[in-house]
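Next, two complexes with chain A in common: one pairs it with chain B, the other with chain C.
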Partner chain A sequence: MTTTTIHPITENLIPSTINNVATENALNLLSAMTFPTRKSEDWKYTRINKIIKKEYIQKDASGEINTKDFIEESLNAINVFVINGHYSTELSDANKNDGLVLEKITIDNINYNSLASNQTNIFTTLNTAYANNGLSISVQKNTKIKQPIHIIHVNTISNVIANPRTLIVLEQSSELEVIQSYYAPTIEDTFTNSVTEVLVSENAKFTLTKIENEGANSSIIATDDIKQLNDSTLRVNTFTKRQEFARNGINVSVDGQNCATYLNGAYSPIKKEHIDNHTRVDHLQPNCMSSEIYKGVLNDKSVGVFNGKVIVHVDAQKIEAYQKNNNVLISDTATMNAKPELEIFADDVKCSHGTTTGQFDEEAIFYLQARGISKDTAKMMLVEAFMDEVYNEIENDNLRNSIKK
Partner chain B sequence: MSNTIIKIKNLSASIEGKEILKGVNLEVKAGEVHAIMGPNGSGKSTLSSVLAGRDEYEITGGSVEFLGKDLLEYDPEERAWLGLFLAFQYPVEIAGVSNMNFLKTALHEKSKYLNEDPISAKDFLKRVKEKAALVELDDKLKNRSVNEGFSGGEKKRNEIFQMAMLEPILAILDETDSGLDIDALKVVSNGVNTLKNKDNAIIVITHYQRLLDYITPDFVHVLADGKIVKTGDKNLALELEEKGYDWV
Partner chain C sequence: MAYTEESLKTELENQEYEYGFTIDIESDRAPNGLSEEIIRFISAKKDEPNWLLEYRLNAFNIWKKMEEPKWAHVKYKKPDFQDICYYAAPKPKKELASLDEVDPEILRTMERLGISVNEQKKLTGVAMDFVIDSVSVSNSFKEKLGELGIIFCSFGDAVKEHPELVKKYLGTVVPTADNFYATLNSAVFTDGSFCYIPKGVRCPMELSTYFRINEAGTGQFERTLLIADEGSYVSYLEGCTAPSRDENQLHAAVVELIALDDAEIKYSTVQNWYPGDKEGKGGVFNFVTKRGICEKNAKISWTQVETGSAVTWKYPSCILKGDNSIGEFYSVAVTNNNQQADTGTKMIHIGKNTKSTIISKGVSAGHSHNSYRGLVKIGKGASNARNFSQCDSLLMTDTSGAHTYPYIECENSTAQLEHEATTSKIGEDQLFYCKQRGISEEKAISLIVNGYAKEVLNKLPMEFAVEAQKLLEISLENSVG
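Now for the complex of A and B:
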């Protein structure tokens, strides 16, 4: 006997038409799943009631937006617009690169839903069940795409739920950089539930930089399910700017030898913002390296969560895994919950993890003031100096400069 | 009549309820060098901290007039803009903030406050080159993070380099000689002597007489138990060296 749960969040939603079999499976899974409470270890510090107890509306890609407002010229990128979760071919730039294919996900795409964490993450299941449409990006073998792809997600009306779905496949020895940014200007109470599946094939190199900037009244749950094969390199940078609520889940399955995995993030919440970064790296094969640097500066009554899990599986020998999470609390009422986790089932590995949460160095502030630097500027300089380690992980200079602005 | 730069009147200050300064009187005029000597715990560092604006101290009485202004009413950065400089006994290491960016920001904020044109990039570099040479500061140190990984001597040289860049009207050197070998002491003193002119003034706070062999004071004051108990000329320093503080 199975129990069927009806979730208010799905009340008004029309199921996904990307792939009916996948949708059907997801709907079935969903009716048997419940949303996590704080009793669940993975959601201990993040309450989601406010998000899931609400009814949302779906909205298509119509709606007036001025694309220029969102394009960052200095990136010289292929700009792809996803409006209210819908990939809009009309608003997006035409692709002129050989060996790169940008299209809507169709039933013919065998990779669709093959990496998604439907079984374990209800938000992924929710996305699979209700994804409005999907964006597929694939890079052919031996092709290095020099021009970055900037996927610009914009929510245009209040109370909208966007379920953007992105599938990125890098074939053998290819290279690609993708930037995903999220906006919801001048509107309220939107919920973006984004899922990105990525396959990084043998000897391929992939960089994903996410910029979350939906504003003071919007929530985002962004899940990346990524698989790496032999000799591949992966970089995921997550920058959370103004965002009332963010839960980032990055799951990397390193299923190949000689891989490098870099996960970095920075967050500086204010007011009552809640920023949660969860990462999970599964080392399934030997001779790989993974490195994580997450840094936060928390102000007002904001809350930060960092949970980094590294699992070194049996036989995954010669793994080097480094993890670092440093935080500065600049108000007495801000909170940081940091939890690095290492689970090691192999014996020849080199792992380190460390987390620190502290206050500003008052001596340093006074020193700067005594030289004629105002207190506010001094604090800003110290924040910048603290965050630079993460910003320096961005390889694209133009992108780094635009994010630091 | 020469111009008064700072006039400290009956200044008392305490920290965590404990009174450290118990009525300090001191007047420094343009062109003068004053040395304040005293045993450990006499209140020397408290005096420099209070003047620079460290907020852990509570002013319990008295006043400080700096260039005719009520100094104690100003924030530390405003005191710097008005022309006060404190060379720290323990310069702070600030990772990730480059020495150059730090000085440029300090100069720009000062000119903003004084409604002056900011120094041009060219003049800034010129001044850096000239002033770094003055204290023989290594080129590499200029571009490093503020004091990060500097040796004790390098940190003190960097203090005097900053002083040279900011051109204060009153410089307070707090135990600048501590941790310096004789060569570094000469370099630092030479820097200070070069910066001295008829329009500015220097207060040297020190435990030992040896710095005063190189920076010659016009007045020597002995601070003991939060008060200036004796004032003399440079010979007083020699006498103190010989007889110790118990003699006072």
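Now for the complex of A and C:
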């Protein structure tokens, strides 16, 4: 006998029509799952009661928005709009690149739901069950797309639940850069539950930069399930700006040799913001390299969480894996919880992780003050210098400048 | 004599546990199983006052509602708590005044372990509280320590002779409901050591206890309570060996340290319980709760060398309650064959200007798994707290695993925390360098590992350092990857 749980969060929601089999499975899974509490190791530092006990509404892409407000001209990108979780072909730019296909996910798309962590992450399951439309991006063999794709997620009404679903497939030796940004201007209590599946095929290169900026009253849970094949390169940069609650889960399964994986992130929460970054890199094959740099500056009563996990599986020899997490607390009431983990089942590896939590060097501040710089400016300069290591990981200059603004 | 690598490997793999023998001492044991009656039986056997019986029963009631923790990175067959004998003691004999009266069998055991009580008494100045299966048999140097006002006796004696101290401090660092195994211990502990160092006294010698698990199928539930009063100093050693046998033996001890203002406690452990045979059969389950509390300006230092046990689950911790207090943790954990260890520490900073240092060195060989799990928590009021953690892992074979799970929780902006961890195997070039100079691979590995663990071994008192180095060598010799 299986017990069926009805989650209040799903009360008013209409199930996904992308692929009925996937939806059915997800709904079944969902009814047997429970939302994690702080007793669960993965959610030890993050309470989600506030998010899941609420009732939300679903809304289509009909909200009125001025697309100009969200477009970053300097990026010269293909702008794709996802409104309340719905991919809107009307608002999005036309694609003029050969070898690049942008379309709605349909039942014919065999890669859909093949990488998503439905079994282990209830929020992914929730997305699979209720994502009412999805965006599929695919790049053909040997194609290098020079123009970045900027996926702009906008929530337009209060109390909306958006379940944006993105599927990105890079075929052999292709190259692509995607920027995902999230906004929910002048509205409250929205919940974005985003799931992105990415397949990076042999010798392909993929860069994903996420900018979360939904404002002081919105929550986001963003899960990326990524698979890398031989000789591929992956970069994921996560920047959390103003966001009441963010939980970023990046799961990379490196199932090929000679891969490089870079995961970077920066967060600077204020007030009562809660920013949780979870990363997991599974090294299944030998001769790979992964590197992580996450940095945070925490102010007011904010809480930061970093949990990085690197698992080197049996026989995945010659792995180099590095993890770094540095934090600065600038208020006495801010909290940082860091948990960098290594699980190693192969012997010929070089793995390390380091984490620090501290404050600004008083002497550095004094040095600047002695040169006529006000204390606040001095602190700003130090924050900038501290964060620069992460910003410098962004390869696209225009993007870096627009994020730093 | 020329060894080939293969022959050496076979020889060492088949090498039986050196200290694996059973001694025959008549013992008085309770029927297997756990119930209120058994607890009353233990309490009555030990002639305990009513408050202690109440304490045990309270713990038992809490324990009944608890579940065994599953979060540790270890796999084992859950012990059947109704199939364990909770009390076994050598038959009570009349009070012993000199060694001549000690059972010659016990003396022989000690000799085989390489500890001659006579020699130890004369030469090293170590007072021994020798525990065989839960009850202290010989307790030397008691008189000399007594002159300084130091109380060092078995837990049972302490309950009889110094009930006010025991009552005041028992369960203050590890509360009854702390965790599954600590609660079980609170309900059924049989004996252990008690130590009290009075104000301003510097204990002139290293205090040591040797534990041995003896009676077949006996769970050992030791309880250690160590109190260092204001301004005092004590160094305490604990070392263990156990005979080999087939069924798993459960060991769930509780150690509580209390360092009052300006006091310092140095607690060193060498743990070499039977790790099970090559397939990991038999072997001791070591689920221990060790914790100390530091008042103002106090210092607690844990040093451990862990080479034995089939499953180890142990986190010696410091609660840095007083301002300016210091906590230290130095550990070497070696696992081989099918051993599993999930060990680390907790440093809980509460007072201002508190400092802690964690150095953990893990070595995994064979099919073993070695995890470091540690918590550093800086509370809101712990201004200017400082922590440095370093945990390194060395992998000897491709079938072993090394895992690190550090938890760092910081709620104060003036705190400074550093954590670093590395995992690697022995450098090919280091090995090559040694071999080129005519040092065999085995010797080279032992050399490199000893160098790697030196930082921790150096922290051990002299008496232990030698034994610990020998242990490392024995544990690692058969581990060429």
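By definition in this document, the second predicted complex is superposed on the first by the 405 of 405 C-alpha atoms of A that agree within 3 Å, B and C clash if a C-alpha of one lies under 4 Å from a C-alpha of the other, contacts with A are read in each partner's own complex, and residues count from 1 in each chain.
FYI, a residue touches a chain if its C-beta (ideal position, glycine included) is under 8 Å from a C-beta of that chain, and two chains touch if they have at least 3 such contacts.
Keep in mind the model is a prediction, meaning the values are calculated, not measured.
Engineer: Tell me which partner A:317 touches in the superposition: chain B (first), chain C (second), both or neither.
Structural biologist: second
Engineer: After the superposition on A, what does A:368 contact: first (chain B), second (chain C), both or neither?
Structural biologist: After superposing on A, A:368 lies in contact with chain B but is clear of chain C.
Engineer: State whether A:330 touches chain B only (first), chain C only (second), both chains, or neither.
Structural biologist: The answer is second: A:330 touches chain C but not chain B.
Engineer: Count the residues of chain A touched by chain B and by chain C, then name the partner with the higher count.
Structural biologist: C
Engineer: If you stack the two complexes on chain A, which partner ends up touching A:355: first (chain B), second (chain C), both, or neither?
Structural biologist: second
Engineer: Which partner does A:8 contact after superposing on A: first (chain B), second (chain C), both, neither?
Structural biologist: neither
Engineer: Would you mind writing out the residues of chain C in touch with chain A in their complex?
Structural biologist: 71, 73, 378, 380, 393, 395-425, 481
Engineer: Residues of chain A touching chain B in their complex?
Structural biologist: Counting only chain A, the residues touching chain B are 361, 363-364, 366-375, 377, 381-382, 384-386, 388-389.
Engineer: Contact residues on chain A for chain C in the complex?
Structural biologist: Chain A reaches chain C through residues 41, 45, 314-315, 317, 327, 329-359.
Engineer: What residues on chain B touch chain A, complex-wise?
Structural biologist: Listed in rising order, the residues are 52-54, 75-77, 79-81, 85-86, 88, 91-92, 94-97, 101-103, 105-107, 109-110, 113, 145-146, 162, 166.
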